[in-house]
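Read from first to last, the chains carry the letters A, B, C and D; within each, the first residue is number 1.
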Amino acid sequence: MNDFKYTHRVHFYETDMMGVVHHSNYLRVFEEARMAWMRHKKLHTTHAPHTEISLAVLETSCQHHRPAHLDDILTVYLQVKREGARVRFAYALYSDRYDALVAKGTSTHIPMNRELKACRLPKQIIKQLESEPWNETWPSNL
Amino acid sequence: MNDFKYTHRVHFYETDMMGVVHHSNYLRVFEEARMAWMRHKKLHTTHAPHTEISLAVLETSCQHHRPAHLDDILTVYLQVKREGARVRFAYALYSDRYDALVAKGTSTHIPMNRELKACRLPKQIIKQLESEPWNETWPSNL
Amino acid sequence: MNDFKYTHRVHFYETDMMGVVHHSNYLRVFEEARMAWMRHKKLHTTHAPHTEISLAVLETSCQHHRPAHLDDILTVYLQVKREGARVRFAYALYSDRYDALVAKGTSTHIPMNRELKACRLPKQIIKQLESEPWNETWPSNL
Amino acid sequence: MNDFKYTHRVHFYETDMMGVVHHSNYLRVFEEARMAWMRHKKLHTTHAPHTEISLAVLETSCQHHRPAHLDDILTVYLQVKREGARVRFAYALYSDRYDALVAKGTSTHIPMNRELKACRLPKQIIKQLESEPWNETWPSNL
């Protein structure tokens, strides 16, 4: 497993009238974790605004196991792999409230230029992805 | 096919620095469509704040085919079916910009009470779902 | 008074754990109303993405009189005036729940080009603003 | 001056198609800072979900001096005072990009119970506010 993790405290504005984090906000926390991982691996300079490239979102999924509440400290673990011209992230989100899985998710990305045309994956990203572990049964083995 | 559709004009605050609708907002537009369908079928009185029940989100997915831009008129079609104690929605989102599919998505829900415990599906919802068409190849047949 | 009004149904994702619309979302509904007014007056072609100009936000304010709830139909009235190179909007937001004022707000804007440098107000906007009524005691006279 | 400060890194989903942080998100970052200050002063246990009380928002304002961009590290300073039954916060937000003021803002709050009725300020809050400095010319003196 890679040793990266990202933490996010639940903000009041992320809750909804059920008293828990609105499901759309999980995609935003996954994005925060993904961007933090890019910075951690010094890959943030491969995309906008540093270059013309963005990793556009092709697909997302999220499975909810337990609700997250105000002030919970969420910890996101992730793994990442290359799928041809695409990059696939998998996320596992835990809360300090339960010490248990709150949500799992995935996102698939394709590099695009400023005109939103598909382009090549930057070499630094390809190189990094070659050394990233990927485990199909993750995060059951966490 | 059911004849329901929902339209949503893209707001400025829904865009991101790539100049297109942020991917997390698709789940919000799907939610708008889902709630509008509930009202259309007179099922909104089966859930909060009219009753103690909410249709909590268990799973979501979204596939992006084309970007959506400011002021685009998005049209969401949906189909819905019962899966035991759960309800599953599938969404197809089109934009007047392309006259073509922009995104597809799904969401799975389970009824929960105010304490966030799973409970029974309200009878009116069960009855409505019995008469709803579901097509596995949808929306390719739209 | 100008006769423009904009309606917005409160979405589930706009609520927070107090069970009402989160205060930050009022600025978003004001923005929806402002953009709708621009379209209504055929002024939307004066700004991005149709031109290089955006009406950047310099100041906002909002006063909350009553909470807004899920499914409330909010109606926004607005008035607008020129202040030199700036444009000032005032908003009054009512809910069908109370038939009474829910919130008032203002926003002040300055035209900026793509490099975020201040630029001149488009002539069509200046012309429109010359014919817009403005009443300091508004909306008490609504 | 109180020595509290709060930092927030700008997330991708907080930007809009102008390439900068959407103005509505400043109210959210102010809220994050306000809640962090409450925790810092051990006052978070005075409000929901720990008690029935929430500090409902009565008024907000925000003045924008410079735009904030993706990955900017924003630092929020605040001061707070009591105004009868109300609590008033003032915020000053700086970015590491400019080492200069990006935005100023205010929010006024009133304690409300679960039924959204105004109630008394908790004693711990009153006591804390008595010892908080307030400077009308702030943050010009920062």
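FYI, a residue touches a chain if its C-beta (ideal position, glycine included) is under 8 Å from a C-beta of that chain, and two chains touch if they have at least 3 such contacts.
A quick note: this is a predicted structure, and the numbers were derived from the prediction, not measured.
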Chain pair equivalent in interface to C-D, over half of contacts matched, among A-B, A-C or B-D: A-B
If I rank A-B and B-C by number of C-beta contact pairs, which comes first? A-B
At what distance in angstrom does the C-alpha mean of chain C lie from that of chain A? 35
Distance between the CA centroids of chain B and chain C (whole Å) is 28
Rounded to a whole Å, what is the gap between the Cα centroids of chain A and chain B? 23
Contacts with two or more other chains occur in chain D at residues 12-13, 17-20, 24, 28, 31, 48-49, 70
Please give the residue numbers of chain B that touch chain A in the complex, ascending. 17-18, 20, 23-25, 27-28, 31, 48-49, 54, 56-64, 67, 116
Please name which positions on chain D make contact with chain A in the complex. 11-13, 19, 28, 31-32, 35, 39, 44, 48-49, 69-71
For a test of understanding, state which residues of chain B touch chain D in their complex under the given definition. 12-13, 15-20, 22, 24, 70
